[in-house]
Amino acid sequence: MRLRSFLLSSEGWPYLLVPCIPLAVALDLAHAGSVLVFFVSAAGVIPTAALMGRATEELATRSGPGIGGLLNVTFGNAPEIIIALFALGAGLHEVVKASLVGSILGNILLVLGASMVVGGLRRDRQYFDRTAASSQSLMLLLAVAAMTMPAIFELVEGKGLPTPGAERVDYGPTVEHLSLAVAIVLMISYGLGLLFSLKTHRALFNPVREDDPDEHHEQPWSVRKAVIALAIAGVAVGVMSEILVGSISEAAHTIGLSEFFVGVIVVAIVGNAAEHWVAVLVASKNKMDLAVNIAIGSSAQIALFAVPFLVIASFFIGPGPLALVFNGFELGALIIAVLVATHVTNEGESTWFEGVQLLAVYAVLALAFFFA
Amino acid sequence: MRLRSFLLSSEGWPYLLVPCIPLAVALDLAHAGSVLVFFVSAAGVIPTAALMGRATEELATRSGPGIGGLLNVTFGNAPEIIIALFALGAGLHEVVKASLVGSILGNILLVLGASMVVGGLRRDRQYFDRTAASSQSLMLLLAVAAMTMPAIFELVEGKGLPTPGAERVDYGPTVEHLSLAVAIVLMISYGLGLLFSLKTHRALFNPVREDDPDEHHEQPWSVRKAVIALAIAGVAVGVMSEILVGSISEAAHTIGLSEFFVGVIVVAIVGNAAEHWVAVLVASKNKMDLAVNIAIGSSAQIALFAVPFLVIASFFIGPGPLALVFNGFELGALIIAVLVATHVTNEGESTWFEGVQLLAVYAVLALAFFFA
Amino acid sequence: MRLRSFLLSSEGWPYLLVPCIPLAVALDLAHAGSVLVFFVSAAGVIPTAALMGRATEELATRSGPGIGGLLNVTFGNAPEIIIALFALGAGLHEVVKASLVGSILGNILLVLGASMVVGGLRRDRQYFDRTAASSQSLMLLLAVAAMTMPAIFELVEGKGLPTPGAERVDYGPTVEHLSLAVAIVLMISYGLGLLFSLKTHRALFNPVREDDPDEHHEQPWSVRKAVIALAIAGVAVGVMSEILVGSISEAAHTIGLSEFFVGVIVVAIVGNAAEHWVAVLVASKNKMDLAVNIAIGSSAQIALFAVPFLVIASFFIGPGPLALVFNGFELGALIIAVLVATHVTNEGESTWFEGVQLLAVYAVLALAFFFA
């Protein structure tokens, strides 16, 4: 009874997808069709991501705002990063970049758009604090500015940008070293950002996160339970990611989609599914501050942490370094994401029609990526 | 006497150009020089656009805010759209795109700039509501983001952008279908925008329009009079557009201007002349809210309605579909227009020097287009 | 005693570098190594720039707000302009463009970043007036929009952009005339801006500058003393600039840096050193209004005055006109500078972490320029 009501609750539904985990493993072992393996393992990522999110939050609550914030921040994008690490290992460098851009884009357009539509349906307008949101959209702007420099470098040097769907790995040592240098600067900046948000300006960011717990009235988890859950979720995400990544290329070709499209749209949505759901949910409860924080904050996290982490990791994992050279679609999408984030946070309010427009831009981008 | 004072009033002067209408027809029939035909027919568009605007407004006032708003919105850019339809029929696809971009640019830089200069000359600064203006500049941002995707697509695919002044029509089926898909998304978004502004958030947009009537203290028109005026104006705009479009190519070559320049500067100014005048007029009366609304709102209308309407229409009219692939000047101009609109609306106030700067950028763009 | 305490004061330290002036002259005459000559003459620019700034201010205080403002504004960027004139004479056109972009970039990212870090270290957050800052970032946006048009022109015409470090001077008459036309429009706009800030809207800009004098409690200078100081500083800047410019090419090659890097980073920092120091100093005293004004205002000055002045001057000095065609790095940097300036001024507040992020972007750009 309690399990059933939990599974049908707004927070419990991802766990309905738990059976996809063993199913994906079985299908993979049985060498089932790659399309089937891809979608079942993608579905299997969702409950593990949800469990990981929940366990992190419980651990964060019990370990005080300092370490708690660090945990939240570090594990917040863990599923995406784990998938990307497996993709790096498999040499799918262009898929990794596409899924990073897709995550940023999906958060700013799809998640924020859906939140505004759902939240604005029964309300004239919704309000949120401009200050916190603006600070995060500045982070996004600056990280994106840094991320585009290697591509500008390639253009200036007269080398072309990669074409979407290409499986190019080798960009030459100069731009790979530039990418590493950019990653190190972003990483240092990220470290100082932790100092900022966990130490000197703790008050600015924590009240937002503290809104969260009143979603569930259950017993808080013990630390032991949380750690075990985190370990299980980590292993499961790893397994699912390995299967998912292993099936991407063949599945994409079979359906007739480019690897680029799969990376920028499908993998990005799967990796962020749990987060997306929470944002829409809190928007419907008129907690627009939190919804905007999740959408723009996640994007900033990806740009400031996931991107440099993966670049540095690529020097140790897989066939070669990850050069931060984005293709034309990705550059266009990043610029649009930054402009939209800046504009939206400057207003400090939203209506359902603004949400519709964000979704419309996402649809147009997805169409262009599809036609590519 | 009353006619004379009306013709010399701020609202009546466009009708001084009525004689240009029969003159243009006569010159066209007499196969007069194309430059003469071009300028006389261009002058002839102005009074018909003014009459169309006035009749629409009268009809709107008498039919209640719902239908009235719909009428205003639909017929607001009718002259531009009619000219563009004739140009599509004549295969002048690049001229159509240039005049659409020119309308957006002219509204944001020329109209808003002139409004700020005229309105700010006798005042320290002028104020306007940031909320409504910001909502429209977001519309413009999102529509422009969508409109640039086919060009990014062409660049990514390694095909070049069109050169200004080229009479290129055939871009290949892929980007034509992408343009159609973008147009459909924009059209749906526009339809939902009507629902938003006429139904769920009527209060947000209507007070602005209601400022308008106190400009004239005459008797309101009867519905019959308004419909007849609308019909006459429609026919006259059609006739003038046909003659105008028929003379563009030859006139441009004779004067030594590119068709691109004629489209992006001359046709855009003619098509918006009546609207431009109203914006400057209300700014001089310190109704800056309305002036900003006309300038940025018109641009958003063109991007969200005129552009997709013409793309869809091009599948039925003329030699081939209209691919939304803009040239480098047009892309640069669109991005500048969006950045300026966002910046200006964020401030919520203006001075005459801001107006000077907008005009200066317009002058620089016009110079660059002229040199091309 | 008084001299010693002055030299160690926050305002006096640049004068510790006075010995570099005769040293640079001596080294140059002795045909010393170009790297040594370059750095010593660069160090010699700093005290002359400081003296020039101080003398201008004293003269401005004594001549009333009208003429005073004009003096401040005209001589504000004199050192940079003098260096650039010598570089134009030597045919180092790409170095000139690089140093102009470097000045804009350095002000927005390096100076503003350092100000925010230093000012924010002991404070939760710092506040500044959005209105004045916003007006200046609009100036910057519009000037940059104008400055990018010749590059867009070259791209549209199918000619490439210059590569960084190239010593290209001849761009052909069309784009040179376009550059001249753009410069004239910017110059007219600048002249009207003087009318605006010195006549019709004097109150908006002057209070900010009046904050300044309480830094020093010494006797005000007599007009005679100020004029003599200005003359001495002018001559010294000229001498140092000639030596500096004469050593750039060889020094750059010897160290293994590109002329582009030297222009965009080193020359830009040297030319603005005194100004930079003042901005950081006032930020540490929580006068964030003035710090933002110096950083963004200087950038706007360079774009609106120094750029067109040098273009016009290039038709009379040196081997050929200065075409305003920027390379890919410069265009990217200008766009980033505009977006950051707009974003920062919209917030009206800052923290040390925002400063860190601005510095991080500057570091990334410098890295990319270094790798080029």
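We call the chains A, B and C, going by the order they appear; numbering starts again at 1 in every chain.
Here is the rule we go by: contacts are C-beta pairs under 8 Å (C-beta built on N, C-alpha and C of every residue); 3 or more make two chains touch, one makes a residue touch a chain.
This structure is a prediction, so every number in the text was calculated from the model and none was measured.
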(request) Using the touch definition from the top, list the chains contacting both subunit B and subunit C. (result) A
(request) Tell me whether subunit A and subunit C, two copies of the same sequence, contact each other through the same residue numbers or different ones, using over half shared as the line for same. (result) different
(request) Would you mind pulling out the distance in Å between where the CA atoms of subunit A average out and where those of subunit C do? (result) 40
(request) Note the residues in subunit A that touch 2 or more other chains, in rising order. (result) 342, 346
(message) Give the list of subunit C residues in touch with subunit A in this complex.
(response) 124, 161, 163-164, 327-329, 332, 336, 339-340, 342-344, 346-347, 349, 351-354, 356-358, 360-361, 363-365, 367-368, 371-372
(request) Under the touch definition given earlier, write down the residues of subunit C that touch subunit B in their complex. (result) 131, 134-135, 137-139, 141-142, 145-146, 148-150, 152-153, 155-158, 174-175, 177-178, 181-182, 185-186, 188-189, 192-193, 196, 200-201, 338, 342, 346
